[in-house]
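Both complexes below contain subunit A, partnered by subunit B and then by subunit C.
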Partner chain A sequence: MSAKEQKKAKRFGMVIDLDKCTGCGACMVACMAENNVPFKKDESNKLDSITWMRVFKLTNGKEYPDADVCYLPRPCQHCEGHDGHSPCVSVCPATATDYSRETGIVSQIYTRCFGCRYCMAACPYHARYFNWWDPVWPKGMEKMLSPDVSVRMRGIVEKCSFCFHRYQRAMDKAHLEGRRELAENEYQTACTQACPAGAITFGDLNNPGHAVYKLKQSPNAFRLLERLGTNTKVYYVSEREWVRRAGDNYLAHEKTGQVAAAH
Partner chain B sequence: MDSALIPEGVKRCSFGKFMVFISIVSAVLLWGVYAMLLCWLKGLNQTNMNDYYGFALWIWADLAVIALGGGAFFSGFLKYLVGKDELKNIINYAVLIGFICYSSALLILAIDIGQPLRGWFIFWHANVHSMLTEVAFCLSCYFGVLCIEYIPLVLENRQLNKVPFFHNFAHNLHEIMAVFAATGAFLSFFHQGSLGGVAGVLFGRPFAYREGVFVWPWTFFLFTWSAAAFGPCFTLSLTKLLEKISGKKLVKDNVIELLAKISGWMIFTYTIAKIADTYYWAVVTAPGKGQTLMEFYTGNAFYGIWILVLEVIIGGLIPGLILITNKGRKNKYLLTTAIILACIGVSVNRWVMVLQVMAVPVMPFDTWALYYPSWQEVATTILPVAYGVLLIGISYRYMPIFPQERELNPID
Partner chain C sequence: MSALEEKAKESSDNNGGFAILFFIIGLAASLIFGWVVFPKLLYSQKKQPFDFSHALHNGLVDNGCQSCHFFREDGSYAGVPKLAQCVDCHEDVQGETEDEAVFVNEYVKPGREVPWLVYSRQPDCVFFSHAAHVKSGGMDCKTCHGPIGESESLKPYEENRITGYSRDIWGKNIAGFKSHTWDRMKMDDCSECHVKNGVRQNSVQTEKGACFVCHK
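Now for the complex of A and B:
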């Protein structure tokens, strides 16, 4: 990539307003439908079910009337790490997961993954899921699967792709129209569009014209486990101090947000 | 019935007794093979692993047998490169144990991956940044070296050795064994280290992460050091076990004591390094990532500070101190206690660096994840043990594994 192109590189990311999220789970449903995410008859064991987007329930641990709840949607954080060495990309022995310097998206190459699960061990967000079973779709549902997303087989790892097929589709359309740039609304993830509260905003974090560019600069913005140096592209916003503090590990004497590494 | 195959000048149990032994161990082996086939045919849903426990019992077993099998490369290094010639009396057994450990490790890896038919991707699409890539390359190469080291032993069987080609081939391999010992030591340094690096580079997991030199975290060096230190103790443990079972002295005390002494000093110095590493991690690395030492050892039903004490003090410092003293080595009870504790210590270290890493929550709102293996995982972990017992049994019966056996057990 030339220096000029490098300058134009995108860093697609999200800003999720946790004060708006109601925990309805529409983002999770939309994600599963959009990305042909397989499911089992019994999904009660969350340790072996696949949820590219997972909503965590956080509480402040206080008793009524001070009790407070926050719902935290967690897609893959698309870590950049240091110079593209995100936790999972750097450890995959078969280069089955890759960091795109063009889009900032961490991809998973299903046909190359051989299921060693080292990437899962490396991810502190538990954003990576293993296909413990082959997908089994209810009768007739296979006709309803998205043709743009390949179905994954047993024995490999999968994760949120920021609906990369939507990016490809939008770029195809733009190329046909003689353009090389996308408008902000041309590429949006399924979870973003499904959120009834408008809590999720998606766009190019490098583009001053995109909403995420401004939103991430909020004094209430933070990233999950920022001090680990994962350098994620999913920002969260909350006016509640305890929520921001729950986004990272702090020693007792440390102030919230004080120790986050700048990127 | 098989007396023509048994080495000259030594006594073995009756063929019938041997076959009973073989049958019992084979039954256990077949149980493991059945579980292995279930995993291959039905997938890893046969295990109790989950998305929080991507690495579990098998990876621990893998790391443990590779560490315990480290006696092969280190004994070879001591004999052929350092010049400790007395070790020629135990090197065959060390090589045999190493061969069993490394072939077992490769087998476990083949079961552990979700798509075994794609296992070769690790070589074809190799990611040079991944510690696992280095492990795969060095492990495979070193297994090749161990095969070369084991072949002369097989060819020294009484009947095979009568064939001139086999006799000459085995002799010539022996002549150049120093080259293979050096190659083995070189490869082992890297793959043992890379196995340590597997956990040490996980910068998203403060429990595992360590700083280091260039691309190598401290765990890289600690794993190599510990394999060289504790591996010989496993060789000694199995020698003692075989002596107990056969009712014979197989290796002279001076050889045992020499290996125990070297191992003791290696364990002692390793433990000092491990304590320094743990101290730095507890007061600098982990707090730098917002976590305190005790967060890793509280808030769950299993992992307490006891595991750190068991690993470093009971399984490290104590055996190290026993083995570096002349009195400790001369006392059979203390020697046996020390080598068993050492084997436990290094196994606990590998357990911690695999399973506890998975168990500790990183996100503040996440919880500890505990796990217990399924019977298929247990059976496939016992499978290599049964295979090892079988191979030791066959090798001991038909090959001249212990050069001092004839002298120590003269037949009237």
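Now for the complex of A and C:
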């Protein structure tokens, strides 16, 4: 990569405001519909169900009147590690998952994956899912699938792609109009647009003109399991300290956010 | 040497000769099967709904290939024309060919789309941007599609019985040799050009093209 390209390199990422999230699950639904994610008869079986975007419920474990809950949407965190050395990419024996220096997106190539699930073991965020079965769509529904996302077969791993096909489509239009750069609103993920509370903000973390650039600098911003050095591109924001503390494994004497700053 | 030993020697000589002969026959049969019979078995031949002359149409339109194969406003590529585009000229039977009559009577009049078999159809996992190659890359159609614009009739569509893909993806040559850029269109052929021209070589794993350039 030349210096000029390096300068233009993007790091697409998210900032999710956990104080705004109501846990409605619209992001999960939008994600499944957008990405042709197969569903099962019993979606409550979490060993079998596939949720690229999943909303977790956190509680502070206190009794009324101090009880508090927080909903935490978890897409793939698109770890950068050190120079793209993300946990899943570095262990994949098939080169089926890859880190792009151009977009900062961790890809998953379904036709390349042979289902060893090493990446699933390596992922600290449980963002990867294994297809135990071939997808079965209710009759007629296969005609409603998105042609922009290829469907996955039994025996392979899949995960959130930050709706990369939307980037491809947006770039198509840019090429036609003689541009190489996208405006912020031209490429947005399905979950971002579906969130009724506006809790998710998506954009280029390297671009000072994008909303995420400022939001991630908030003193209330944190990332999940930051001290693993995964250098993720999904930031969370919460004014509540117990929520920020829940983002990592703190010992009782450690201050919130203190250890993370070392990285 | 006793008569018995002599006889044994004679027969073993004969056996050796036969063994070599059978080996050569077997080898030849295997080679013929592998290089001639198998490719024929592997691909089924399908005829297009009716014949079409690119050469004839190319002479009648003003904007070359783009007259019928154009970009949509959103940057996507229209690919094979829909019936609506053909109907402008083909409302009634024009020429005297049988194919023209088939087209008008079976497709134009009942308003049915023509089920063309697309030679260049890539597998489901492939994302190809015509806009990036033609508009930003400045490539011409011929580099990948060959001189299809000069063809006077449509060749039979050969479908791989195992994968269901068109033979144009693997290429005509079963050994995988090619003499033109458009002879094959496998991943290697795409990456060959991408590596040569340094297109988006930003993968951490391979230091070559990232997977999420052509895959979806």
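To be clear about the criterion, the second predicted complex is superposed on the first by the 260 of 263 C-alpha atoms of A that agree within 3 Å, B and C clash if a C-alpha of one lies under 4 Å from a C-alpha of the other, contacts with A are read in each partner's own complex, and residues count from 1 in each chain.
FYI, a contact is a pair of C-beta atoms (placed from the backbone, for glycine too) under 8 Å apart; a residue touches a chain by one contact, two chains touch by 3 or more.
None of the values given here were measured: they were computed from a predicted structure.
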item: Contacts of A:93 with subunit B and subunit C, given as first, second, both or neither; value: first
item: First, second, both or neither for A:107, with subunit B first and subunit C second; value: second
item: Which superposed partner A:172 touches (first subunit B, second subunit C, both, neither); value: second
item: First (subunit B), second (subunit C), both or neither touched by A:85; value: both
item: Residue contacts with subunit A in the superposition, subunit B compared against subunit C; value: B
item: Those residues of subunit A which subunit B touches in one complex and subunit C touches in the other; value: 85, 92, 95-96, 112
item: Contact set on subunit B toward subunit A in their complex; value: 43-45, 49-55, 112-116, 118-119, 121-122, 124-127, 129-133, 136, 198, 201-206, 287-292, 357-358, 362-366, 369
item: Residues on subunit A engaged by subunit C in the complex (per definition of touch); value: 1, 5, 9, 83-85, 89, 92, 95-103, 105, 107, 109-112, 148-151, 161, 164-165, 168-178, 180
item: Footprint of subunit A on subunit C - complex, ascending; value: 71, 73-76, 123-125, 127, 129, 131-132, 135-136, 200-206, 210-213, 215-216
item: Touch list for subunit A against partner subunit B, complex; value: 45, 47-48, 56, 58, 72, 81, 85, 87, 90-96, 112-118, 120-126, 128-134, 153-157, 224-225, 227-230, 245-251, 254, 259
